[in-house]
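One chain, chain A, appears in both complexes that follow, with chain B as partner in the first and chain C in the second.
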Partner chain A sequence: MDSPPPQSFALVITGAPYSSQAPQTALNFAEAAIRAGHKVNQVFLYGDGVHLASNFASPPSDESDWPALWRVFIESHQIPATCCVASALRRGLLDETESRRYEKTGANVTAPYAIAGLGEWLESTLNSSRTLYFNPDH
Partner chain B sequence: MTDRRFLFVIDTAPYGHWKGREILDMAFSAAAFDQPAALLFTHAGVNWLRSGQLPDAVQQKSVSKNLSAAMLFGLEAIYVCQESLDHFGIGKPDPGLELVVLASTSDLEARFTDVVRL
Partner chain C sequence: MPQLHLLNKVADHPRFTQCLNQTHAGDSIALTESGVLALPTGIDWPEGVVIYALSADLEARGLGPLELPPFVHVIGYEQLVDLTLSTDKVVCW
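Our next item is the complex of A and B:
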């Protein structure tokens, strides 16, 4: 069987870890896609999906650490990863800059994640063959 | 890069869930960047189109005001599913909105490259 021509994907995750399976499903997809020779152009966390970017998540040691697994994956494949700023600020996901701006006591978002607007989602969509949305139902 | 056409589907009621607002933000963002984009209200999403909403009573901001900006942002169309309007007993949706009521929405998605549901 001929393999399909390589595709490039933008991934949008809108389900939070530990309340939905969306981050796990998206990670499985992303790993399979790269293994099959495709490219993941961008990971965009939107809505409750921004919780995946938290450095403060501390799940029990006998459970999968989805935020850590995602971070390793993004770094090892050097995939640009963005938290939607409007979703992140509402839910208390802040990098150093936003933490200072809003005079909060901590910052839980660091590299590889950047905090930016929906322009990143649109740009990566336009530069990818497809955008897949991983929702809380997935 | 191929030309894209976006359909944003809102299928939840306006004040019980945040995701409709998040889809609307995506739709406005796409339209603001000159991408062909349309909205589809279906299932409980048709409740967005009720006139005379009183969001203050539930300490929320009106979604009607957001929605009436849709045409200003350059959205191509606001589609509504007739069956869902009937199901929720909405005889006369918000007269301030230009709506395209569809007897069937099954052919609609095929006209778009990107169908976005959250």
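Our next item is the complex of A and C:
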């Protein structure tokens, strides 16, 4: 199989860490894509996938910390990462702005993630060679 | 137009059947995650469809070469990336 010329991917993660393999599969795929010289244009967390953005996730030290691994990956490759606002708010994923707006006491979504709507996402899919969904397997 | 189907569901999941029903000769199916568990069960795959399986997920589920039908192509993530770019459309089930 010949390697195709460099392309760009938009990745949608709809499965949560620890209840699905989606964040792990997506990270392995994204790392392989970058190793092959391709680009990841955008990561979009949707549905239960927004749990990946939580700064408050504190897994045991002998387990993979998927939120931390994803955060490092996104930051080291400077990939825009977006949490769907409608998915995030109803699951208790809030940045500072939303936390103030809803008068909550904490904010668990910080950079590199931004909470945004579907418009920004749509634009990035139009500029990517492929859009792939990493859905839960259940 | 050839399509690549990324299938991560077990064989008794409704989407597994939907995927097989919407797969045509010339398409490819890449089995990932729990999708690889369908391989030893002897199900009827659509004719003219190339079947791939992700090696990391086979290994994680204890499926070795002896449990796999001979027509399966075992691939790594690098080849999966190439596959997604070599077909016109990717369907994620």
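Keep in mind that, in the parts below, the second predicted complex is superposed on the first by the 135 of 138 C-alpha atoms of A that agree within 3 Å, B and C clash if a C-alpha of one lies under 4 Å from a C-alpha of the other, contacts with A are read in each partner's own complex, and residues count from 1 in each chain.
As a convention for this text, a residue touches a chain if its C-beta (ideal position, glycine included) is under 8 Å from a C-beta of that chain, and two chains touch if they have at least 3 such contacts.
Since the model is a prediction, treat every value here as computed from it, not as a measurement.
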Q: Quick one: classify A:A86 as touching chain B (first), chain C (second), both or neither.
A: first
Q. Now for A:W66: first (chain B), second (chain C), both, or neither, which partner does it touch?
A. neither
(Q) I'd like to know which partner A:H38 touches here: chain B for first, chain C for second, both or neither. (A) second
(Q) Quick check on the superposed pair: does A:Q7 touch chain B, chain C, both, or neither? Answer first, second, both or neither. (A) second
Q. Thinking of the overlay built on chain A, is A:F29 touched by chain B (first), by chain C (second), by both, or by neither?
A. second
Q) Should A:Y133 be classified as contacting the first partner (chain B), the second (chain C), both, or neither? A) both
Q | Most chain A residues touched (candidates chain B, chain C) | A | C
Q.
So in the superposed three-chain picture, is A:Q21 touching just chain B, just chain C, both, or none of them (first/second/both/neither)?
A. second
Q.
Can you give me the overlap between the chain B contact set and the chain C contact set on chain A?
A. 133, 135
Q: Would you tell me which residues of chain C are touching chain A in their complex?
A: 6, 8-10, 13, 32-35, 56, 76-86, 90, 92-93
Q.
Help me check something: in the complex, which residues belonging to chain A touch chain B?
A. 14, 46-47, 86-87, 117-119, 121-122, 125-127, 131, 133, 135
Q) Can you name the residues of chain B that touch chain A in the complex? A) 1, 4, 18-19, 22, 25-26, 29-30, 33, 35, 114, 116-118
Q. Inside the complex, what are the residues of chain A that reach chain C?
A. 1, 3-4, 7, 9, 21, 25, 28-29, 31-33, 35-36, 38, 129-130, 132-135, 137-138
